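Handing you this structure, nothing more for now.
Chain naming follows the written order as A, B, C, D, E and F, and within any one chain the residues start at number 1.
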Amino acid sequence: MKTMISSIITLLGTLSLLICLCHATVLKDFCVADYKAPQHAGGYSCKDPENVKADDFVFSGLATAGNTSNLFKGAFTSAFSNEFPGVNGLGVSLSRGDFAPGGVIAMHSHPGVTELILVAKGTLTAGFITSVTSANKVYVKTLKEGDVIAIPQGLLHFGVNTGSSDALVYAAFSDENPAIQVLDLALFGNNLATDLISDTTFLDPEVIKKLKGVFGGSG
Amino acid sequence: MKTMISSIITLLGTLSLLICLCHATVLKDFCVADYKAPQHAGGYSCKDPENVKADDFVFSGLATAGNTSNLFKGAFTSAFSNEFPGVNGLGVSLSRGDFAPGGVIAMHSHPGVTELILVAKGTLTAGFITSVTSANKVYVKTLKEGDVIAIPQGLLHFGVNTGSSDALVYAAFSDENPAIQVLDLALFGNNLATDLISDTTFLDPEVIKKLKGVFGGSG
Amino acid sequence: MKTMISSIITLLGTLSLLICLCHATVLKDFCVADYKAPQHAGGYSCKDPENVKADDFVFSGLATAGNTSNLFKGAFTSAFSNEFPGVNGLGVSLSRGDFAPGGVIAMHSHPGVTELILVAKGTLTAGFITSVTSANKVYVKTLKEGDVIAIPQGLLHFGVNTGSSDALVYAAFSDENPAIQVLDLALFGNNLATDLISDTTFLDPEVIKKLKGVFGGSG
Amino acid sequence: MKTMISSIITLLGTLSLLICLCHATVLKDFCVADYKAPQHAGGYSCKDPENVKADDFVFSGLATAGNTSNLFKGAFTSAFSNEFPGVNGLGVSLSRGDFAPGGVIAMHSHPGVTELILVAKGTLTAGFITSVTSANKVYVKTLKEGDVIAIPQGLLHFGVNTGSSDALVYAAFSDENPAIQVLDLALFGNNLATDLISDTTFLDPEVIKKLKGVFGGSG
Amino acid sequence: MKTMISSIITLLGTLSLLICLCHATVLKDFCVADYKAPQHAGGYSCKDPENVKADDFVFSGLATAGNTSNLFKGAFTSAFSNEFPGVNGLGVSLSRGDFAPGGVIAMHSHPGVTELILVAKGTLTAGFITSVTSANKVYVKTLKEGDVIAIPQGLLHFGVNTGSSDALVYAAFSDENPAIQVLDLALFGNNLATDLISDTTFLDPEVIKKLKGVFGGSG
Amino acid sequence: MKTMISSIITLLGTLSLLICLCHATVLKDFCVADYKAPQHAGGYSCKDPENVKADDFVFSGLATAGNTSNLFKGAFTSAFSNEFPGVNGLGVSLSRGDFAPGGVIAMHSHPGVTELILVAKGTLTAGFITSVTSANKVYVKTLKEGDVIAIPQGLLHFGVNTGSSDALVYAAFSDENPAIQVLDLALFGNNLATDLISDTTFLDPEVIKKLKGVFGGSG
């Protein structure tokens, strides 16, 4: 027994020898977002690990269904590094989507990020469009409960709740903070000049102006 | 109208000018796994895009609950690049876990891969253990329906269905083909010599032999 | 002198000692594309270095202006790994764009790839649109000869030759084989069902059908 | 019409639901360099997006030819993240080179960075030297207007204006801030001891001292 | 001679033309750790290069053998970015291990990091255990002086000095700051509840409590 | 006991449920080099894991000192993926260097790779030269036994055994197959035309020709 106790005492010495923890707050295992420090291209700076709590790694925002009383009859709720500090630096994130019958995932893309969409409840007709390099080919399918669809990075994709009940989907992303470029908001939700849009999309100016009315654009 | 038609004709010429598709099967948008070609450190070689179908991007294997009549009272079902060809090269994947009351996510790690676990149904007490660098600190929490927990890369983590009903979880990974190192299978599920295990884990040989009996190990 | 000669002889022995070239065709410095071997998510397999010539690293296709007699009054010519084998694995590529007065760079994006556009001759009004995360903000400017504009990854961008003479631009990409998703071709240049487009873009079916006529789409 | 207006109103609610912008200045689309914040191995910290202007993404410094009245009869002008804030984080950059007849691109390398050189005007004899692993093989070619040469990462390369008129080249790099190690400046432009240079390059001390005189070295 | 002098003068002008050093302290070649600035997922911020000295790139801590009078009869000493500022950002690091006869490298893993172990003196029986994906297969071998063993990322590995004299090993890592998860410290060196450990490892609570006594755990 | 046995039987079923090993030879943990399959920019293709043995992960070539009877009075021996199949894909490698008194590590660089040099025996004066971006500054130091020096990626570096006895060094690299560009072999060990070398290095043609005699160059 004495040997064991002396072993423990020796061990305490050993552990500090094993690794020199020369600095107060060494971090390596994780990098919980410090929303007040400078950001860089890779994400947020790290919070002092002394102040990290289990709650930083847990996010409850996906528990509640989004409000679908809107133009899209749907809504996405995100667990990205902007609202979920523990996911900073992890290179993966989640969101949930709720869609009433006829609800849509508006045509959009995620710059540099891939996505998997899992249909947890209901039916979703979803697909993506390839680039010119792949001849603009479309891959689309009606997904049943439990089905997963893979969306390659940066390509336009979309979905429609083609079922008769509400649909619930979970989306997993290859990035902790995926950007979302929604086509209608990009074209019609800002002050980009109508003639520049028209010249480069071949949409008629009247079509553009009408949709600017819907999506809040000007110019 | 004539102008438009000639525009279309000119366009066909233009499009082929826009990008020189010099090779029969150029790929860039995706790399659906070709299970028969050589593999490399980054994953599978790509299937000829001519043979890619929408079904390659859709996986239905997560629709069915796993069988929980086993030692763990639980089971994981995966949508990784090994069984879901369209996810190859995407850097993200999903699995589902089903757990009877008292069922466990056995202590394990994913080399080089981070994970988010979403509790879709039920209650899960889950957590992870940090490295020596972070003083072996433990972050653990009981998650309710809709909660997400983040697991940093490569660290031991675990879970127990501490609720009174079945639990369903979805896990998202920062890799299309995460490896899983289950502690008990690593220590007791192979032919690693009992004395080597004992010397390097400080477990008694009898404890090791008993668990080798459970997990199929020898030596 | 004798010493020098014996040094040379010793040297020949030394050099083979310095590095063990155990395999016939070791490669490391470059990976010239072998268009016939399996492709993978990262690009082409490598040609046997024994067969690599200086010409593999030189591309002359950008010497000639593209034909601008088309709907866009413009054309891009690429030096990507699909046509320039020596650029495989280098993570950078170039293209040239030629535009008659009024010619356009149609609204498009490059999944996962950033771009710099240099105006070598003429005037170009160019810009990009940010994601929802950045409030769909637009950055646009009229560029003079010698100006460079930076386009962040995966975002919609566009250009118009707003000068009175032909414009020549060079574009540099952060990828050896950037994919190009041209909005009009993605929406109206394939067989994606008109109602799916309409539901997810809020464009009227008649607008869609008309543009399908222009860009070769069906369905 | 009423429906549309109420849709718009609902939409405003929806958009804020779509993505939780919990923090004042979320960034993801770009990371314009903040030259005053801490730097890290990957580049500069990001400027607050509120203060980002279109001008941050436009660089005019390549419009003017460099002064070739010098030892090299040539000059490079750069659009790197050090002087072009919008290129920070983009992983690509540009420079222009101007060379009088006989002007030279001095033997140099870019640590960890690949390069494409496009001859916009004139004639350039250019090439690169492989590593010992590739038997020190040389790939060299005389490039005409419009030709592009690819330079693999980190290898010594060089050029000479072998034409009879001025040459203009554009170089694209696989990094937003490529370092440049010019052989003569590395060996003869600092205070590295002459005997250390001599011992490790086999150049005679007199040769070294003479070139230190030219390139400003001491020691 | 006059020509040479004027060349030098011209050269000084040229060099400043060659590269615009617009900011006081541009860094690119290295990123010596600034232990006081914010950290991020990729490592430490960079020290102002003006204050960097040759000593920042040299580490002497591996010169002395570790104290092996402990439970493990061994000790590791590290040259990681936590104690060796010049290695920050380099993606490689070293440590030395000293082991008395019978000394052990306790079962452990390095999240996301690969390792090479070189036996500089003595004899080491070492190996690693693969993941479930590879059927938990074990690769183990007794290494003589001069032998190197490769440990893939994130897998459990171990070693025993099976020789009759002291052993000295050097370990090289694919990361400048590898985390170390030692199995016994992870399971028995913190306050993780005994029943959670027991449920998820199938170890008996008494076994766990005994080892918590040895490794300092509670709960 | 019966329960345990039936548990084991159930377990066998469970394990196959846990992960679907749908393909004969799934690999993820490692990618041992298959020297006969196509190579790609990232390294070798993977050997079928069925044929992988413990010996693939062990390399004995560093056990023997290199022959120092040569011009450099030194020699390097490598454990790179070209000769050590198990290190393929691991992103780290080792070599040993042996140097007689006065022996040199010739001026050289490793494209895109960082290095740590550990002096295991003897004395080494070693250093590196920064890029123009860092004002060509030199960091050099005389290292004693046990000292480690860090060499940032792609920069020229060098060493001299300035002690009175043989020196032994171990070098760790941030790449499994680092290329080595030795300055003298690059300039004088191939058929690069003397005038191109002279024009771009400012070395006199006679100096070049003399060294071509030493290093085996022609032209």
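By definition in this document, a residue touches a chain if its C-beta (ideal position, glycine included) is under 8 Å from a C-beta of that chain, and two chains touch if they have at least 3 such contacts.
Chain identities (UniProt): A, B, C, D, E, F = Germin-like protein.
Here the structure is a predicted model, which means the values were calculated and not measured.
Both subunit B (Germin-like protein) and subunit D (Germin-like protein) are touched by A, C, E, F.
Fitting subunit D (Germin-like protein) to subunit E (Germin-like protein) on CA positions gives a rotation angle of 120°, reported to the nearest 5. Interface subunit A (Germin-like protein)/subunit E (Germin-like protein): under half of the residue numbers present appear on both copies, so the contact uses mostly different residues. Rounded to whole angstrom units, the spacing between the C-alpha centres of subunit C (Germin-like protein) and subunit E (Germin-like protein) is 39.
Subunit D (Germin-like protein) and subunit F (Germin-like protein) have CA centres that are 27 Å apart. Between the Cα centres of subunit C (Germin-like protein) and subunit F (Germin-like protein) there is a gap of 33 Å.
Residue numbers of subunit E (Germin-like protein) whose C-beta contacts span two or more other chains: 15, 18-19, 21, 26-29, 38, 40, 42, 71, 82, 111, 127, 130-134, 140, 152-153, 155, 177, 179-180, 182, 185, 214. Every pair of chains meeting the touch criterion is listed here: A-B, A-C, A-D, A-E, B-C, B-E, B-F, C-D, C-F, D-E, D-F, E-F. If you check the complex, the residues on subunit F (Germin-like protein) that touch subunit D (Germin-like protein) are 71, 82, 102, 104-107, 109-112, 125, 127, 129-138, 140, 152-156, 158-160, 177, 179-187, 189-193, 196-197, 199-204, 207, 211, 214. Taken together, the subunit D (Germin-like protein) residues at the contact with subunit E (Germin-like protein) in this complex read 35, 38-42, 61, 66-67, 69-72, 75-78, 82-83, 111, 177-180, 182, 185, 213-216. In the complex of the two chains, the subunit C (Germin-like protein) residues touching subunit D (Germin-like protein) come out as 15, 18-19, 21, 26-30, 49, 53-55, 57-60, 62-64, 79, 84, 86-87, 90-94, 114-116, 118, 120, 127-128, 130-134, 139-141, 143-153, 155, 170, 172-174.
If you check the complex, the residues on subunit E (Germin-like protein) that touch subunit D (Germin-like protein) are 4, 7-8, 10-15, 17-23, 26-29, 31, 34, 37-38, 40, 42-46, 88-89.
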